[in-house]
């Protein structure tokens, strides 16, 4: 993603139109369950209909963002690579729960750009700005 | 921008309730249903009641608690599914923790 | 106007589905405009005509059908989720074996979410 | 169950033949998941083939044993009532994890008789005496 | 003699099933006598001939069939679990649509457990 | 009577690993697979390593850890599925925690 997009992500949060979008919370690790893929399919569909969609990663969901994963070692088609389509679908707001990262001893090295690491309070505030919330 | 939180799982076996608590805001309401009823006896509930006593409203679906032989302490309102429908529209949005 | 869309992700043989059904029925009884129920993930198994639940167990599928008939409640089944789970359908143009359920894509979920003032997931 | 059966449960634990049986660990609460019913079906089948089978309840599985539950309030067919068939199938050893009860603030009032409340250590020892272990 | 029975409780579209398959194949390659695999709970969905997994995803069902053919590995599907999940079968006497899988009752699990020196659940 | 424990779930979201630990005996082995690999970084693992260092053997399926970008610390043996098959018969029984 370009640095221009990065600078755009912050102001969007306070934009009134954001309240019309959908927030999707990812709570499951990527490989053992289909939840992450199912959530991604929903996100991309909302994006393709030009609906505002933001992605939230919390709990074991944060594992979906970690760099250097390789599903092919498990004979799994690596849906994480599709995260790079976020740009194409104008999915700009990707939030991750800082506390979940810390608890899991994870660094802030992600396999996509423009991930915003938020405190519980900021995570809750960002979530509250959306009209609907789905959780997978 | 208030949120209605539907809690459906036991905090004794999963961490969803903990995640829910971490995003609770003052105007929010919490409804315990299904195995979420067991959370009435969980330490997270005790600390939530202590901390946010007069802020977050905590409710439980009475039949769901009764079916599980979970005793509902005073201060937790017992509601029906019709009440959950009403709460759905009394809050700005709903998040289901399952 | 209070409008509601519901997403169901639990299979017909799960007791969690009874909770979803009870909620949707309570909403309909209260006069809420339920714009539709979207069956996703394991929820898609609801449209499988070959499911046979013991007669003394709760009949989720029959209950959804009843709400569909009584209130004209639209029931949408995600086709991708259904195919993965071997749900038997006729053709894509609604010749679904269980006629209460409409075969839909995820685009239908977007539409329901846009129409509804509240989106609730079970 | 009769008091004669109760007195028989303790010696069985040290009986060498017990090592040939199957232990079934129940780890899920009774109403939201089908796991308890699925485990019960397996247990009764082993019993009907006159195979030694013991039931272990741990974690949220201990909720399956608690007295005064009523699944009919949830329109659920109450499979917990079938626990009374244990006697018929000679399922005599029912063990429950004490720590799981304490954590959940549960009393030792169960809806079946002859439940043995065990410490972690004793629970582990009882488990180890079985040939196979299934967990639901 | 090392004999092994395996219980599979995860559906064909779960990645956890790949782990079970890898384990069973490793056992067969090592010359272990695998007396049978018993598909229970959501594992019963493996026998559904109508399941269609995207061609670029792991094909669990095809892999089980291959082990069945190559090693004569018995694959038993619990009929109660299958009926609950709308698995399409022919008649009870093995006219199952997916011919690698045998329709069985829980009694078969008892038999496998009795025969095997180890019972492993996935 | 040794037991091989197969741990398949993240202790960060479920309590199965905790239950497993509560029944561990000295001759037992623990194999982390699938999301169980994440448990290498869980506090329960740290205390287990401290407490039972020379007793319970802890192993992880290397491809399962590598796929998840989970770093395997020294002292944990990295094994293959063929090794799990061998361990199955080196122990008296297997319990799967999933």
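Quick notes
Letters A, B, C, D, E and F mark the chains as written, and numbering starts fresh at 1 in each.
By our rule, a residue touches a chain if its C-beta (ideal position, glycine included) is under 8 Å from a C-beta of that chain, and two chains touch if they have at least 3 such contacts.
Chains and their UniProt names: B, F = Sulfurtransferase complex subunit TusB; C, E = Sulfurtransferase complex subunit TusD.
Keep in mind that this is a model prediction, so the values were computed, not measured.
Of all chains in the assembly, those touching chain B and also chain E are A, C, D, F. Among the remaining chains, those touching chain E as well as chain F are A, D. Distance between Cα centroids is largest for the pairing of chain A with D.
The chain pair with the larger count of C-beta pairs in contact, out of D-E and A-F, is A-F. As for how the two copies chain C and chain E face one another, over half of their interface residue numbers coincide.
Chain centres here are C-alpha means, and the one lying farthest from chain F is C. Distance between chain centres (mean CA atoms), chain B to chain C: 25 Å. Chain geometry summary: the mean Cα position of chain B and that of chain F are 34 Å apart. Note on chain placement: the centre of chain B and the centre of chain D lie 30 Å apart, centres being C-alpha means.
Multi-chain contact residues of chain F (touching two or more other chains) are listed as 8, 12-13, 15, 34, 64, 93-94, 96, 98. Contact with two or more other chains is made by residues 27, 31-32, 34, 59, 74, 76, 131-133, 135 of chain A.
Taken residue by residue, chain C touches two or more other chains at 13, 15-16, 118-119, 121, whereas all remaining positions touch fewer. If you draw each protein chain as a dot and join the dots that touch, the picture is not a line, a loop, a star, or fully joined; it has some other shape.
The set of touching chain pairs reads A-B, A-C, A-E, A-F, B-C, B-D, B-F, C-D, C-E, D-E, D-F, E-F, using the touch definition from the header.
Those residues of chain B lying in contact with chain C across their complex are 6, 8, 33-34, 64, 80-82, 84-86, 88-89, 93-94, 96, 98. Chain D meets chain B in the complex at residues 27-32, 59-60, 63, 66-74, 76, 103-105.
Those residues of chain C that touch chain A in the complex are listed here as 7, 40-41, 80-81, 105-107, 109-110, 113-114, 116, 118-119, 121.
Remark: chain F residues 8-10, 12-13, 34-35, 38, 41, 63-64, 66-69 touch chain A in the complex. Those residues of chain D lying in contact with chain F across their complex are 19, 25, 27, 58-59, 97, 99, 120, 123-124, 127-133, 135.
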